[in-house]
Every structure is written in structure tokens, then in C-alpha cells.
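The first chain written gets the first letter, and so on, giving A, B, C and D; residue counts start at 1 in each chain.
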Amino acid sequence: MHADVTSRTIEEAEVALQQTLGPDYRLMTLVSPNIARRARPGQFVHLRLPGLDPAYLLRRPFSLHRAVGDRITILYKQVGVGTAAMARLRSGDRVSVMGPLGNGFPPLPDGFHPLLIGGGYGSAPLFFLAERTSQKGVVFLGGKGRTDLLGDSDFKALGWDVHMATEDGSAGCKGLVTAMLEKWLAEHSSLPTVWYACGPDGMLRAVALLAVEHGVQAWLSLDRRMGCGAGVCLACVVKIQDPEKAGSWKWARVCRDGPVFESRQILWEGEFA
Amino acid sequence: MHADVTSRTIEEAEVALQQTLGPDYRLMTLVSPNIARRARPGQFVHLRLPGLDPAYLLRRPFSLHRAVGDRITILYKQVGVGTAAMARLRSGDRVSVMGPLGNGFPPLPDGFHPLLIGGGYGSAPLFFLAERTSQKGVVFLGGKGRTDLLGDSDFKALGWDVHMATEDGSAGCKGLVTAMLEKWLAEHSSLPTVWYACGPDGMLRAVALLAVEHGVQAWLSLDRRMGCGAGVCLACVVKIQDPEKAGSWKWARVCRDGPVFESRQILWEGEFA
Amino acid sequence: MSVPRLETAIGRIRMKNPVMTASGTFGYGTEYADLVDFRQLGAMVVKGISLEPWAGNPPPRLAEVRGGLLNAIGLQNPGVEGFTRDYLPALRELGIPVIVNIWGRTLEEYEAVATRLEAAEGIAGLELNVSCPNIKEGGIAFGTDPAMLERVVRAVRKQTSRTLIVKLAPNVTRIDPLARIAEEAGADALSLINTYPAMAIDIETRRPVLSNVTGGLSGPAIHPIAVKLVYEAVRAVQIPVIGIGGIVEARDAIEFLIAGARAVAVGTVNFTDPTAALAVVAGIRDYLVRHNLSDVSELVGSVRGP
Amino acid sequence: MSVPRLETAIGRIRMKNPVMTASGTFGYGTEYADLVDFRQLGAMVVKGISLEPWAGNPPPRLAEVRGGLLNAIGLQNPGVEGFTRDYLPALRELGIPVIVNIWGRTLEEYEAVATRLEAAEGIAGLELNVSCPNIKEGGIAFGTDPAMLERVVRAVRKQTSRTLIVKLAPNVTRIDPLARIAEEAGADALSLINTYPAMAIDIETRRPVLSNVTGGLSGPAIHPIAVKLVYEAVRAVQIPVIGIGGIVEARDAIEFLIAGARAVAVGTVNFTDPTAALAVVAGIRDYLVRHNLSDVSELVGSVRGP
């Protein structure tokens, strides 16, 4: 949780481009000038998808993958009815976009090296961060298989050092991204780093443990089921340390107080089923 | 009510053609071989419209306007959400068609002349009847204005004598179609006729009165809100004379026992609001 | 893997699969005969039958609302004599269990219908619709008052040797006491839910869309309400429960089964697609295969903790 | 024709139009401040407040079902002290009437919240959420038991001089006796409905979709149920009624007004579109113009015979 205020808007954005990114992922670019202008890495948008059966009432949240000029890009995976409707959108279709939402990643403190750790579509907000961070650093991408490693060449093109791991060994090191990170840390123990991570809960939890072990700051972007996306419905809560009362906890709203939290704030519990 | 059994089917029909018919009406042609083959004039189909918000659960009933080869044609007016979705359909789209439903118009008895009386889209089933009736006759078309007179040239092309009336006088005689019919009857009182009518309730009721007055048989095709279209839900009922008990009434289902009834069967009441 | 077993039983009614059609939404068995292969259904429940022929409400009787239908057919039916004479013979030929839904305005009417049907052949069970107002007791529905529910179930139980299903009304604060009362009074099974009391107004004419002012809501809109009531009823009684309400596709039926329903009935969706119940049967079979279950009974009541 | 008059009043609360936002769906007034022009709303009802801060249920707390949402937030709130200290100051600045939704687990808790709020400034009214179980009386909801409803309304009435709205629970067989009890016990207005108890199960995991197993159904699915209950409550009492449940667009709100509601509250649809309430205001205005009505009061209760 990192205090930050941006004013949000809702705009009807036109789909400019849909691209496939391997078999499972897609990129959608929207003309959304007011959001593109304000967006910062780690923030997200909440989309009302026109082709979705209106019996489904909720918007769908997606990290900002890029914001250039009057355009924003989303990197998404088709997993259910909403993302299926999204995949059917064509250039010229209109989508209601609410955003930019949430607090982004805090800026890199001077004298530190950034490490980015992404799992699957978790690399979406990290690329945006890399683009906006002048200090180059190291990117760790992980996934089940090679098709889950997203944007490695883009990170490289920005001048970042990219390391990859897949669980099935189809690309990069075989194993978990956090194992690879651990190895890298052993070899670079003297470098002062700040971490930024996004991916499945299991990965984030492992990152958080490593961060404590290595005494570094790790900013994690969480993914929780959302209702409003705006802080009113209290659906997306996560337990965090109560800053005002040591040893006790309180709920934070991922949509409004997050989605980025410092790893020590989060109380990982059975609630993440 | 006129006993008649056809076996029905449900088929995924492809839209072959959508045509506009003036500002308010359209023609939709569907490739629906099993229904086209069985269809007889006065029967209808029940359509599940793919573009309709699935929150609307019901099919929509439409008279068969034509059935030629493997195709059926519907003549419709855009009045609400379902017909709006229908107007958005394009060639190649698929529609689930249930039909042919209901009992059609009974055949013309030998030695009689057919009179067809249609109001607005009521001329839809009458054209099908004209096409299938070898004995030519007289058609009376009525509507609010000239754009509500449908298919007059088609009836003429079949060799039928067409008379038209509009309430606003923009085409044909000014006035109601039944006034025009009455005038015609006065001039042709010796001709043995059987009438077939379809249109709004007000018109059908006036036709029924004239039929009694002139001692002729008049077959009326009724339009009632439907649920199932198949005789099970009992939504579409109309009061008819109970044939087994003089002086008492019973409900008939427009979808199954109709939509065509002999005018004397129907008990016109306040229920037709 | 071999084809999973779908057979189930409700009381003494053996069904080849757990899917039936709900009362009032499938007619008397002949109306859909050319469109649906009845033999593939688990059972069929016919439209509510009363002692005397009943005219029901004037139209409009049905309206579409978002995600549902509103109906006030008003229980139109040919009466028990008309039913056994004109409809039962064809129903007997269907080759699947036929369950007759019955209703009355007094205890005596319920009893009388059950007695008449006891004499008829080819009926597998009775489903007691207790959602109708008792005219002798000021119009309170039999199904919402515990004492009245007990009396009507007990009375009908005495008249019938057939499987007796009590169809509970959903508009009660707690379903479990009513479920238990029906069980204790002799029901062999429960079915729920019936339509939920509701209303719509045409804003252009400012008139209720139904002649009866209010009507019963059915369809997907009521499904999550039905799942909860079924879940609670299953926990309250030992007898089987039939899940009804808003089934559109197999997953809705599977939800009822997981919640503990031994069978389901498919209603409103028949109007959209008369073959929907068959698609539900196929979908349940597919699900069992996909989840490596060999018998639908493994699914019934298999809901886990949250 | 001139611009129609939209002003309405609920008890002593004067509203510039009959549209408010429903409790729990619009936060505490600041969350949507940059997206919605609050001054155009008739009033705002804030999330339910209890005596002590309350953590609510663990996630998952919300799920989508066809035509609705299922929620079991569990009434998470900062408690009355936290509310008056941290949220009320900003709410006072909104320039529209602020109504505070309150709840308790015992009669005493309800009383205490009302008392504390009586001391605070900038509150136009209280809305009593009586859908929560009374822990002293075995968990029966205050709003479904007549005697308990009477006691809680009477108790809170004694503590508050502000407009007191009682928000009725929908899961009762008849709403009219409860509506009358609330009126007699001192309510200035009624609001209905709260969410309807419901449930959904994920058929892949076979777990309830909510951690709390059951939740409350909101959204379009419950609208026809709400319209009926509002229609009946209006006929049972003299005090104004606020229609809530499944409003998506102006026509749904207009339906409530025609049924007799003096005002409406917009809930779930805010999540889809936070400006929905403003669109409802605009739509009501358009409707009045189109129907040549100069004052929204001409619409209220204008339902005709069927």
C-alpha cells in the first residue's frame, strides 16, 4: 500500500488493434486518451465488454501493459466468458474503460537496481514499469511453458537483462522463476535492489519470503476478484498488517489501496484458495 | 379452429436474405428445408433470435409469408427488442426455427371465391394463401398509411384483384379496410365467398361482424402473446364457443388450436386490451 | 472409462436419469411428442390438476422480464376426470414415469383429487402443489403455513399409495421447518422451488403486465434462490429432494445435484428449447465422464466446504 | 413544456430528485467523487455502520450469477466512531442528504449506534438494516420476526430525531404485516428490498462460490420480486416507500414509482457504471416530458388496473 492519487475517468475507447501473442495470450490496444495520459505503471483499468452477455454485470480488471500517446495496451489471457468476449472485439469496436485505477508501483529509489519478477500475464504491468524506469535492471520471467513467457524480447529491446524459467523446461531454466531468482541473488549479493513482482499468488508468496530473507523491498501487484474496482464494494480485500496497531491486521482493498503492496504488509493466509 | 396435424421440427436455419419493404417492414428469407417443405398457409414459426439479449428467454412468433423450395420468408415489422435483433441479422447468420406451428387456413371449398383481408403485416400469411390457391379472388389491404400496404403488386402479379385503403388517405381509398370491404360486398352480393383475414384485433372483429351479417364463412388468423408456441404453457388463450356445450365457452390456444379460427367461434371480449 | 450410470430413484419411482420436466412447462406429454424423444427423460410432471375443470386467469397470462418469465396462468386444467379420460391414456404410452401435479383450494379438494387418481392406472407419483391459497382459511397458501402444510400432506398421504412429492413454496423465511413437516407428514420426496411471487408494470400503459396483477417468476433469475433452498432442504430431511428453478443448461442442474438434489426438473427453458431437458441429460453424462465419476449418485450432495 | 419537477421528500429529507444510491454500493461518498457529480443525486445512503468496527467475511465475498450478483461482504465497516471521525466530515461536504445505514446484532447495539449518530452533525436520516440475525435470539433476522421488528424500530425511534427509514427483508411470506409494524413502531419511511438470500456452487471445485456459503442476491434478477413487495408495502402503509432492487436503467426506477414508491435507490448497477444513478435521473425526467407530466408526484402510485 503506497499512497497515491490519480483522478480517474470512464471513457468509451475504440479498439485500435488486437494481436495474438502465441496460442494463449493477446494484446489489445485501445484509443483511450484520458486514461493513457494519466496512467502509471502498476495501475489497472476496469473494462465493460460489449460482446459479453449482459447477464454478467461486472467489469473485468486488467493491468495497463503500456500507455503511449493516446493509446493503452492490455496483455490478456482468455480464461472465461469476459476474456472470450474481449477476444472477439475488432478494430473500431467500443469498450467502456474505467481508469486508471489503483496505486501504481512506487518509483525506484536512487542508488537501487530494479528487479522485475513476472509470472504469465504478470509481466503485463512490469513491462510498463520497465518502459518508464530510466535505470535498467534485471527481469525474471516464469511460466508453465514457453508460451507463458511474455515479452522477453521487448524487455531486451529496452536494454534490460532477461532471465527465463519454465516449469516444463521448454524455454530458459527448468523450474520456478523464484528458484532462478534465488540463484541470481546468490551471485549478486552485494547489489542493492528493489523488486517489483506480478503473477500468481504462489509465486508472489515465494517472492515475499525471499525478500524478507534478503532484506529487500519487494512491491507485489495482487490479482483479486473484483466488483466495483473503485473501492466501494469491499469484495477484493486482502489482509494486511495494521500500520497503526503492531501485531494486528486489517483489510485492504486491492482495487483502491493496491493492487501494489509491499511484501511485508501482506498476511498470506488460507483465504487465497 | 380447424383440425389439422403437421409434424413440427426445430432447425438451425441460415439467413439467406434480408430486404427492406418500405421504412417499417422487412422480409427475411431463411434456408429451412424441413419447415419449408411442410409449411402451409396460415401456419407460423417460432424464432430464437441469436442477437437478442439472452435475458429475453422467449422465441418470437411470425406467420409464414412464403415457402418455396427449401426456403421460407417472413414479413415483419420492427416493434421491439426481438424484431430489432431480427433486423440486425445478416446473410449467413443462423436462427433456430421451430415450426411449422398451428393449423393453417382451411382450403377453399369448391364453388366459392376467396376474399383476403389484411391489415399491416397481416398480409404476410395471406400472400402465402394466395400463392397456394388456384382460384383467384379479391384482396383487401388496409393500413394507417401507404407504407402499411404490403405486397399489393405481388398479389396483382398472381392475378388477384387488389383493393387498398389507408386511414390517412395516402393510398387507395381513405378509411378502414372493412368499410371498403363492405362497399365491395354491396356491389357483389350474389358472389359466394369465403373470407380469410389477418390483422389487428379491431379489424378482425369488424370482419367477424360483417361475416355474420353476410352469412359467410370468415377464417381469422389471430395474433396473441406466446410463450411456448407449442400448446403447453397456456399463455396464448382466446375464448371460443364450446362446441360441446351451446352457450358456454372454453379457452383455445392460439398457437395450437389456431392461429386460424372461424369468426363465429371467437368470443370477443374486454380481454383484448 | 465406461458410460456413467445416471439411474436414480425418487421414492418408488425409478428414473433412467435424474432429469424431469417441470409441471406446467411440458403439457400433458403429447404436445412435444414430435419434437422430443420422451423416452430419454427421467420422468415427466404434468400440469397441475384440480378436482373440477378450472379456467384460470384471463390473458395476459405471461410476460418476459430480464432473465425470467412472469406467469399467472391461474392453474387452468381439465379437472381430474377430464385429465384421466382425455390425457392419461396417451401419457401411459410415453414409457417414462408420469407424475401428476395436483392442487386444491381446500383440504377436501386435495384429498378428492388424490383419491380419484388412486383409481387410475399409469401414474407413478403425485406432486402436491402447495402454493395455492386455501380459500377456507382466508387465502393463505398451504405451503407457507406449517399447520396447514402438515394437514394437507397428511390428508393426501392417506389417499395415495403412490410416491408422494411435496412441492414447496419458496416465499418463506426458513425452508427447513416446512421441509421437516412435509417429511413427517408422510412425503416421500420434496421438490422445490415453485415460481416466486413477483410483478411487472408496463411503464407506457402504467398497467401490470399480467391480468392477475402479480404472477410467479421463473427462469434463470430465481436459480440462485432455488439452489440455496434446495441446499437447506437437503440438510433438513432424509427423503430425496428434487431441484427446480432456472435450469438453462447442464451446469445449473449439476449445481442442484452437488447441493444435494437427487433429481432436477427443467421448466421455463422448455419454451426456448423443448429439447433442453435432453441436453441437460447429455451434459450431466459428459460432466461425470470428465470428472471420472461412474455414478451420478457420487455427485449428489458432494458439495465441499467453502 | 417546462422542465418537470423532480423534488420529493422522504420524512423530513428533501431530495432534489427521487434517486439515491443504495447502501453498500457507493461507499462513503468519496470513492466515486472524481467520477460522479454527487450534487445531482437525490440522496446517498452509506454502507451499514455498527457499534464496533466489524471485519466482515473472508473472501471470496462476491460472485457473478446470471442477471445478478451474490455477495457476502458481511457488513465490514469502521464502526460508528470510525465512521463519524474518518468519513462523515467528507460526506457533509457532498451537498446532498446523507442517510446512514445502521445495523446491530442486538437491540442494544442498534440503540447505541443511533444514539452516537444523534450527536453527530450532517446526517439527514438513518436507514435501519433489519436483515441481520439477532445473536441474542438465536440468529433470527430482526426483519423477519414481527415482534423483534417492532422492538428494534421502537428502540431506535426513541434514540433518533432524524428521519428513520426501515429497510425490510424480502424473504418473508407477506410483507404487509411487517410494513405496518414498522410504521406503527415509528418509522418515517420504509425501504425495500435488501438482497435476497441465495447461493451458487462452482461445479468444477464443488465449493460454494462464497466463503460464507450463502449470500445475498442483488441486481436485475430480483427486480420483479422487489416491484411486487414495494407495490404491497405501499398499499399497507401511509408513510413513503423507497423502491430498491435491480434498477439498471430509468424504466426500472419508473416501474417502482408507478407502483407507489416515493423514491428509489440504485445499487448493483453502480459497479457496472458509477454514473447509472445520474442516467436514471435523466431518464425519469425524459419520461415525464414524454408523458406530459409536470411533477414526478403525478407518477408515484399511478398504477392502473390490469
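Everything below uses one rule, namely that a residue touches a chain if its C-beta (ideal position, glycine included) is under 8 Å from a C-beta of that chain, and two chains touch if they have at least 3 such contacts.
Computed from a prediction, not measured in an experiment: that's the story for all the values here.
The set of chains in contact with chain B as well as chain D comprises A, C. Comparing the centres of all chains, each the average of its CA atoms, the largest separation from chain B belongs to A.
One inter-chain figure worth recording: chain A and chain B are separated by 59 Å, centre to centre, where each centre is the mean of the chain's CA atoms.
If you average the CA atoms of chain C and of chain D, the two centres end up 34 Å from each other. Centroid to centroid, with C-alpha atoms defining each point, chain A and chain C lie 48 Å apart. Mean C-alpha position of chain B lies 36 Å from that of chain C. Counting partner chains per residue, chain D has residues 66-68, 207, 211, 220 touching two or more of them.
Within chain A, residues 55 each touch two or more of the remaining chains.
Residues of chain D touching chain A in their complex: 24-27, 31-32, 34-35, 47, 55-56, 58-64, 66-69, 71, 73, 76, 207, 211, 219-220, 268-275. Residues 53-55 of chain B touch chain A in their complex.
By the touch criterion given at the top, residues 7-10, 48, 55-59, 96, 98, 224-225, 227-238, 251, 256, 271, 273 of chain A touch chain D in their complex. Residues 65-68, 70, 141, 144, 171-173, 196-201, 203, 205-208, 210-214, 217, 220-225, 227-228, 231, 246, 248, 251, 254-255, 258-259, 287, 302-306 of chain D touch chain C in their complex.
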